[in-house]
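Once you've had a glance at the structure underneath, I'll fire off some questions.
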Amino acid sequence: MGWYFKAIGRRRIIEFILLTIFAVFFAGPLLNLVVLAFSGQWTYPDLLPHQWSFKWWRFVFEQDDVAKSIGLSFLIATIVTALSIVLCIPAAYAFARIRFPFKRVFLFSFLLTHAFPKMGLYVSIAVLFYKVGLMNTMLGVVLVHMINVLMFMTWIPTAAFRNIQAAQEESARDVGATPLRVFRSITLPMAMPGIMVASVFTFLNSLDEAQGTFLVGIPDIKTMPIIMYSIISDFPSSAGAVFSIILTAPTIILLVAAQRLISADVMASGFQVK
Amino acid sequence: MSVQLAVRGLTKRYKTGEGVTGINLEVNKGELVTLLGPSGCGKTTVLRGIGGFLEPDAGEILIEGKSVTKLPPEKRPTSMVFQSYNLWPHMSVYDNLAFGLKIRGMPKADIKTAVSDALRLVRLPGAEKKYPTQLSGGQQQRVALARSLLLKPAVLLLDEPFSALDAKLRHEMREELRDIQTQTGLTMVLVTHDQDEALSLSNRIIEMNHGHIEQIAQPQRIYNEPETLYVAQFIGKMNFLEGVVDGERIRVGELSWPNAKRLSGKVKVAVRPEDVGLNASSNHQDGQGQGLPGKIKQIMILGHYAEVSVDMDRHGTLKAFQSKEAIERLRTGESVRVTLASMIAYPND
Amino acid sequence: MGWYFKAIGRRRIIEFILLTIFAVFFAGPLLNLVVLAFSGQWTYPDLLPHQWSFKWWRFVFEQDDVAKSIGLSFLIATIVTALSIVLCIPAAYAFARIRFPFKRVFLFSFLLTHAFPKMGLYVSIAVLFYKVGLMNTMLGVVLVHMINVLMFMTWIPTAAFRNIQAAQEESARDVGATPLRVFRSITLPMAMPGIMVASVFTFLNSLDEAQGTFLVGIPDIKTMPIIMYSIISDFPSSAGAVFSIILTAPTIILLVAAQRLISADVMASGFQVK
Amino acid sequence: MSVQLAVRGLTKRYKTGEGVTGINLEVNKGELVTLLGPSGCGKTTVLRGIGGFLEPDAGEILIEGKSVTKLPPEKRPTSMVFQSYNLWPHMSVYDNLAFGLKIRGMPKADIKTAVSDALRLVRLPGAEKKYPTQLSGGQQQRVALARSLLLKPAVLLLDEPFSALDAKLRHEMREELRDIQTQTGLTMVLVTHDQDEALSLSNRIIEMNHGHIEQIAQPQRIYNEPETLYVAQFIGKMNFLEGVVDGERIRVGELSWPNAKRLSGKVKVAVRPEDVGLNASSNHQDGQGQGLPGKIKQIMILGHYAEVSVDMDRHGTLKAFQSKEAIERLRTGESVRVTLASMIAYPND
């Protein structure tokens, strides 16, 4: 209804332009990546490669570290997600039922984890880990990954639990359910979308984490992103492109799966700050 | 009639200062009793106390003669319909209704019959497969009502069940609730802040104020003879005038009534707008135009009657309800003589 | 009102425990960092160092690169923030006034930027930049930083603009304001908290960015985090601690300033997904 | 009285199918006219058309005889009070009110006086330094009203200004608006879906339905003589019975009225609840108990009157409004004779 667009025609055009810009900005580099990964020969001014080939794929998978690092990455991501759920869901439920200025705390921790320089945190963690002998161990890497996602895993389910009205739980008591039954049959299923969104986040975040893993895990714990760094610096960019795609694939698959499982509206309710 | 529910000396104080003190009330089998009062008067506290959703500081709650004071909500023979957000959005209407029956271990075939019967009773037959989000607000409250009815509670508790609905729907739902109560003979306790709802639905009204009970009476009685000034102010529109006790009579200007309550000194005289009579001053000479002098300030037509505001020389502004026929004889700005057909006097505090 | 905590006493205790855990988890490492930065001598099993000293601070500031990198980091962060505002605010206003399933788009791009492996994106950007000669340039680094914050800088102000009711703009037209005056006097001031939050985010994000800067900026564009990496690997951890504190300081200052300027409620309204 | 506002053939169609077609209306100087209708009837579209917030497909809008059809809202001599979200939260009350005057280049001292006068008019004197979030909903609407009044618009437009307030406050605000209109003599166009509001406030009511005007008349007239079946249904409560034309008379059972509208065949007979008379059947023998047979189903007491539902043998359920005195003679389940004091007949469609 704004004055900004008077005619519907003009609005359409601007809408189109904006969406195009966004698409180019994000899809462009990714498309370029795909082309690069399958290129045999490619010289600069041409738009497309001369030859298409799988040679860089073969090259990457022939590297000894690669297969191992993929397995390790998924293993760590699974452990991180499982441990985070066990730790954070009870905390989230407790937070949801305690009355305190939720918005403020949410926002502040959101700002903290997103704007805070992670390097500072990682270095101090590394120092601590060094003292207690957690450097270069799986457990150390898992803990670093968990610090990254603690906020998401707590606050998104907290918001989900908060969205459940007291009357909805009380109605269930009222018709004869014990407190435990209420949690199992009413509270948990209603909060499930939020918990799932947070879990997907956690899994993907762990898969992609490089900085903390690098500091705490070297030299033995080499996850996918770590291996990728070395490939990028030691080999041509096409190899890097292949690895990028391998790293990106689970993200896309999980996002699509999440979209199917959970409707956008339900997902959004997980984010609503009440 | 047997007493179905008794509340004895219920007390619950919150840190905020709100709460209730020493609430005593009895509800007979098959009665619909309303807890009426403004927000914060403690009516919901009483209802939640009966339902088991709060632990009272003191007092006892008896249902069918047995104390339930120590029982958690799931063990009490009560069922509650909440203001809103009643239903579980991840379950179909059928599952919402069947949940309580499953817990009770009812056989599946019986559940099916019971659910479809309950849905028919609330005029939503065949809605089993729908989800709460597919229903309108009114339909959701109907399902919530069905869920409670299904359990055949000893006392059905209703916590402002229609307040989230729009005016028209609210009226419809009131009539339906009345019908359901007649059909099922259930004992019901309804909480509301809406005096129309209380007046139109209840067998008896419990008027609450600041955590205590002001009056318990039938709707007509509470309207015609409010025991306290508070009730007089709260229920229906009411005019208040300053009166003076003059021996055996209470006087307001040249009007007077017997001093039935034996008050003394200055008193507050309460007069319902429908008891205010207006006569054009020009009719004064024929001897019938007795009354207090006033001037018509505003006439608001409200359908089948009109609300007339009269500026009184010494008594502020009075409201008078006049029939649509009577109104045609009146004009804004006109001088009138005001008569008061009946009044209730209260001590001036 | 949940069944979880029946007695207020138990609730208090759990609340206390939870908050303590969170405080220890986040404040602990940071405190350790501070101690480390000011320690002269410190051997393992002791809780506090034997000697306090500024020697690591002197050491760090004597490094040639350090002062330069601090200046560079702040310069880049300022440029990134300014450019992002110029680019994203008009886009945000347009998005706010176009009717499309906002929640869905917001969520999807939120998931994309947060769960997407950044390395994949960076590598493909590096490949593009190499072709167009943006590697090892300020502009290249600025662009990489901007890609990181584009989503925040668009969606937070979009939400802020969306929170402005049509009636609020129309009332202003009604009393005689021209469309431009409405934007200047009503729309922009009302959206300001959201814009400021997004800007603070952007600034801090740019200050902390290391992965993209490393890929695109080497060898010449060395920002604070890049320098820090090399110090951490080449020198003892106390030097890293000092640098961590330098990097963390602006974050804390900006966060506190933002908190003062904008009440939490207003900030929160910037996040509300409508 | 001069015509202050004229709308000629206003047409605006939305893609959704809603909108208005060929709206013609005139508002005299100093009149308060209400656009009344259910949501989606196009009343807000008309108001927004007058205010300049939408471009009509066809038609003309004249204010004080001059066409403003092509002017943007800021150039029109109108001012609008919106349903809610009126105020600018980042400005104090003073700045909210002064904004329009500053744009007009009024000297600062004059603005100060004008603002404090306007705040006094809406009963919020001295609220200049407050911020909108510090005010209640009712106070915010008062400030919004003051902001519009300040500009002394040729036509003041009000878009359901009280619908977000609670019942009690809504009533108060109505009376205040009426007072303000009397004091300022402003021409006002009010949009509402609340018939009580329309009946009590307006000089004339414009009843709208599906994008066209059903009737334009004074409140009493529109209540007593609704021109169409739609208006009869929408305004006030109404009973509908099936009637038959029998020569010069319209009959419903043994009751009959003259066929004034010269209808034929079957007709719909509309009767107001206050025109429904109830006589206990036992009084039948004394000769006055003429009427249609029925049985009392429900009595709902609504304060100074009661709504009685009567199950009729052949005519569904009728509603009757009875005074509180009359009600004491009636019992639920009792057989009664129903008389209809007056009726309006409509062709059966």
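Structure notes:
Order of writing sets the chain letters: A, B, C and D. Residues in each chain are counted from 1.
Keep this in mind: contacts are C-beta pairs under 8 Å (C-beta built on N, C-alpha and C of every residue); 3 or more make two chains touch, one makes a residue touch a chain.
What you see is a predicted model, and the numbers here were worked out from it, not measured in a lab.
Any chain that touches subunit A and also touches subunit C would be listed here, but there is none. One inter-chain figure worth recording: subunit A and subunit D are separated by 55 Å, centre to centre, where each centre is the mean of the chain's CA atoms. Separation between the centroids of subunit C and subunit D, computed from CA atoms only, is 54 Å. Counting partner chains per residue, subunit B has residues 53 touching two or more of them. Residues of subunit A in contact with at least two other chains: 1, 170, 173.
Taken pairwise by the contact criterion, the protein chains form one closed cycle in which every chain touches exactly two others. Contacts between chains, counted with the stated touch criterion, involve the pairs A-B, A-C, B-D, C-D. Put simply, subunit D touches subunit C in their complex at residues 51-53, 72-74, 78-80, 82-90, 99-100, 103-104, 144, 147-148, 151.
Taken together, the subunit C residues at the contact with subunit A in this complex read 1-5, 11, 14-15, 18, 25-26, 28-30, 32-33, 36, 44, 91, 93-98, 100-101, 103-104, 106-108, 110-112, 114-121, 123-128, 130-131, 147, 150, 166, 169-170, 173, 179, 182, 200-201, 204-205, 207-208, 210-211, 215, 225, 228-229, 232, 237, 240-241, 243-245, 247-248, 251, 254-255, 258-259, 264-265, 267-268, 271-273. Within the complex formed with subunit D, the residues of subunit C that make contact are 165, 167-168, 170-178, 181, 185-186, 189-190, 192. Interface of subunit D with subunit B (complex): residues 174-175, 178, 195-196, 199-201, 219-220, 223-224, 235-237, 272-274, 298, 300-305, 307, 309, 321, 323-324, 327-328.
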